[in-house]
Amino acid sequence: MNWNVYLSGEIHTDWRQQIIDGAKAQDLPIVFTSAVTNHEASDAAGDLLGAEANSFWRDHKSSKINAIRTKTLIEKCDVAVIRFGDRYKQWNAAFDAGYCSATGKPYITLHEEDIVHPLKEVDASAMAWATKPAQVVEMLKYIVTAQ
Amino acid sequence: MNWNVYLSGEIHTDWRQQIIDGAKAQDLPIVFTSAVTNHEASDAAGDLLGAEANSFWRDHKSSKINAIRTKTLIEKCDVAVIRFGDRYKQWNAAFDAGYCSATGKPYITLHEEDIVHPLKEVDASAMAWATKPAQVVEMLKYIVTAQ
Amino acid sequence: MNWNVYLSGEIHTDWRQQIIDGAKAQDLPIVFTSAVTNHEASDAAGDLLGAEANSFWRDHKSSKINAIRTKTLIEKCDVAVIRFGDRYKQWNAAFDAGYCSATGKPYITLHEEDIVHPLKEVDASAMAWATKPAQVVEMLKYIVTAQ
Amino acid sequence: MNWNVYLSGEIHTDWRQQIIDGAKAQDLPIVFTSAVTNHEASDAAGDLLGAEANSFWRDHKSSKINAIRTKTLIEKCDVAVIRFGDRYKQWNAAFDAGYCSATGKPYITLHEEDIVHPLKEVDASAMAWATKPAQVVEMLKYIVTAQ
Amino acid sequence: MNWNVYLSGEIHTDWRQQIIDGAKAQDLPIVFTSAVTNHEASDAAGDLLGAEANSFWRDHKSSKINAIRTKTLIEKCDVAVIRFGDRYKQWNAAFDAGYCSATGKPYITLHEEDIVHPLKEVDASAMAWATKPAQVVEMLKYIVTAQ
Amino acid sequence: MNWNVYLSGEIHTDWRQQIIDGAKAQDLPIVFTSAVTNHEASDAAGDLLGAEANSFWRDHKSSKINAIRTKTLIEKCDVAVIRFGDRYKQWNAAFDAGYCSATGKPYITLHEEDIVHPLKEVDASAMAWATKPAQVVEMLKYIVTAQ
Amino acid sequence: MNWNVYLSGEIHTDWRQQIIDGAKAQDLPIVFTSAVTNHEASDAAGDLLGAEANSFWRDHKSSKINAIRTKTLIEKCDVAVIRFGDRYKQWNAAFDAGYCSATGKPYITLHEEDIVHPLKEVDASAMAWATKPAQVVEMLKYIVTAQ
Amino acid sequence: MNWNVYLSGEIHTDWRQQIIDGAKAQDLPIVFTSAVTNHEASDAAGDLLGAEANSFWRDHKSSKINAIRTKTLIEKCDVAVIRFGDRYKQWNAAFDAGYCSATGKPYITLHEEDIVHPLKEVDASAMAWATKPAQVVEMLKYIVTAQ
């Protein structure tokens, strides 16, 4: 059986690649999916439908097009890994956690210890909290291949 | 028919009270519910079950007890109002938005214009975005009483 | 037991009032609900959140606020009555029918014979088709009070 | 991963073919499905079960047989594209939109600007509004292949 | 707490009345509901919408109007009692049993021993099988009032 | 796309084989599934778990083992065909119809005209009523292959 | 708002009464429900339907009748408290925990520290673990009345 | 069609292997899945995320990681086999049974006769009770291959 893992959150560090590479190095039967992680492309997703003078509506159009992808991929995944870094608001990552929680989709959080307190509600619904991508790889290896 | 409105998010300003007072002033048939908004009490919710040396687990215990309340009240509400302010991480508010979105519960966001961009995914699933509590009251009045 | 009946569709004739009056005349234990049927008020529902230059977004804002009400009331109803008249596009009425169908909510259509063909998919999922408000009242009386 | 896109609505122009051709030209991993778009065949779907004197019942029988197909295909799709043209009532397209909305299936509307107002409830639940098939192809390309 | 019990099946003997009387005699906090049990009225439920030449369609119209009531009441009940007698086909009773089974609604069957074999699939999903109305009353009394 | 069709009901005539042969003759991309149709084997399904003195419990054990198969296959099918013949009680077929109805699974009934009245509730929830296996094949061909 | 709390598990100590008394002493707006806790009555629940020679079937009949009550009450509750003591197998309590977990019903476990290890899967899905009834009362008080 | 069977419960005897070997010997089209059955590995599943001084939290972390696997595999299975042996508390097996029951997943119990009474609630929701792995193999063979 192939497992399907969705990688949500922070887009300006290489944590996704570390997990994907780590899983490939161990030949784990996992397919990884993700939102579009190119920041400019993602913000501009709606521009092809016409320009918007108002930035709220530009964001609105792009976010909904992105949501077609993210919602579909989250619903198809078996587990989500949700990454919180030290910059930006990252409300979309917390939104994804709430979405997973409500639909009974198990998720793992990945973040440093210094943001444990503001993430307490997000972590309370998570199945695990890791601080390093390598731990996520080890965990997935255990979940997917142990006997 | 009575409507049930859940008020989620920011706890250090009086936006909840403004909405509740506004609704009462107009005699709207609305019951408001909320998480425990006393910050210290909320953080200490799990202490009665024994002290924890590790702050992650102290937060974990308290957050889960709080979640018994918040999850139950969100599921009983007809609409949620989710407030984002200018301080703190407020990931729990975004988590509630994701939870509402996944369960088809309509929600209204309440925040200033300067955080429109980081809230774009949260607003994309919202039914409305207001910047002032008085607008929320007007909107609820329309929803609940217009003919 | 009180029954809850949602009245969807056409707003420029008095079919709702005829049904409500008919039910009251026979003392049926039915609560009726409805979208906001004041056309101008409904179109302007979002204006309190700020003016929009673009009419698409003005409609968008108002429609979503109206949807908080309509979706909530449809989900609370036991049966919906969906009226199609001889004017306007009335896509919102057909939308409500699809919504009811998907959630297993029984609905009755109310329309003249001359639009049977374009309504065939909507009627195919309906539990009954009536041509006059008085028939709807008789049907509800039977459903709610017969032994 | 293959994506599954359902094409609903207008059957007397070639918008479906334009989208299918556009997706093929760019080698997008998308399977397209649709209702039976041959108008006569669709209206006659129930005739094999015996003739009906009454046109309501002839429509009823055919529509239900068509619904076996459309309901199954809508439930299997990841995204629906729903087209409204300038002719006919097209209540079945709005019905499909309501069905998608209730089941949390994302959909894109495709229609000219002149029918924005009567489609406001349908668009309010949509994830995007396009005016040209080529825009739909670009959007699908972004959703399905962007990184 | 009041319990809600739906009584399905056979309409030409007084088993419903025996159960209702037995529950009243013991003051059980139970509300009983039921399909329309007047056979002629039930068969004619659709006639108010116009006569049908074809008996299939007459039955069809009436059955769907009856289903508005039965489906609503079954979904509101806590337990169903489904009675099979020694006459008629009674496929509607078995249909109700399948409906209850699929929605996780507990049901009790009430029938003589001589039809145990043809009812084996219906009984296999039931929570209990009784042969006499008085047993149903005793069972309900236990379920509703025992400590 | 392959379609999955479940064949429920009567086991002492060859209607299943006629449909399967008809579909194969036209090369329809359909997989057919079914309950165990060997009557003796089906009644004895539970005997391997030990003999039962009481025939109610023997039936009970066998029916539940059969239900593991039938429930699983019904939930995996796209459409069910449910056959009622002129002999036996066939409550299991009506039970399957109720199960399909409650879970939104479309089904087609297959029966002669003389049992239209007792099957009216079963037919009211069906998507089509056929009298001959060849009609079912034609209908499936249309549903699965028409453009 | 009244809260509804289901008390599951151990029946030979007075933990239920302690919680009920504690809640009453503090005037908490809570309704408590429970399985039938009279052991003999519970084991004999099915006897009114006829004696069984085989003890498996006697247990089977009684358990299913009890399940009509327990399943209904669990589904109506807002929170469950599940007690594990130092005697007996108590698989029914663990079964209730699994049932709550699958339906998203929050539950609190109540047990001594010496059985933490065998209860680890049950506790992993719980919202809190208490060792004393008085702690449960305090927790409920916080959940239900804190501001 | 391949069937997917989840094997839950007892890990210190070879019942899983007997069933897997028996199914392979008869070439049954069944894929078997299971929790991690290496006791030490399972208890240590969370250690890679950091050591815990408190054994409750060590168990908690490991159990949640194991639950990512078990919950996913149970939801993907068609049938579960749940084994209760003569040692240990085995609350996790009863928890899995409750989980299956709530989600409508059919399960078979496998246990000796001497624990029939404490397992009565678990057996009441099961589709079958076997005492030997060979019986489970025979039953699966019947379910999967009989005609």
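Observations, loosely collected:
Per-chain residue numbering starts at 1, and chain names A, B, C, D, E, F, G and H are given in the order in which the chains are listed.
By definition in this document, a contact is a pair of C-beta atoms (placed from the backbone, for glycine too) under 8 Å apart; a residue touches a chain by one contact, two chains touch by 3 or more.
Given the structure is predicted, the values throughout are model-derived calculations rather than measurements.
With centres defined by CA atoms alone, the chain at the far end from chain F is B. At the interface between chain C and chain D, over half of the residue numbers appear on both sides, which makes the contact a same-residue one. For E-F, the matching interface among the pairs F-G, C-D or A-H, defined by over half of the contact pairs being the same residue numbers, is C-D. With centres set at the average Cα position, the gap from chain B to chain H is 40 Å.
In terms of their C-alpha centroids, the spacing between chain D and chain H amounts to 44 Å.
Distance between chain centres (mean CA atoms), chain B to chain G: 31 Å.
Counting only residues that touch two or more partner chains, chain B has 64, 67, 129. Put simply, chain B touches chain C in their complex at residues 1, 3, 78-79, 106, 108, 127-131, 135, 138-139, 142-144, 146-147.
Chain H meets chain B in the complex at residues 52-54, 57.
The part of chain F that touches chain H in the complex is made up of residues 31, 33, 36-38, 41, 45-46, 48-49, 61, 64-65, 67-69, 71-72, 76.
For chain E in complex with chain F, the touching residues are 55-56, 59-60, 62-64, 66-67, 84, 88-103, 113, 115-125, 129.
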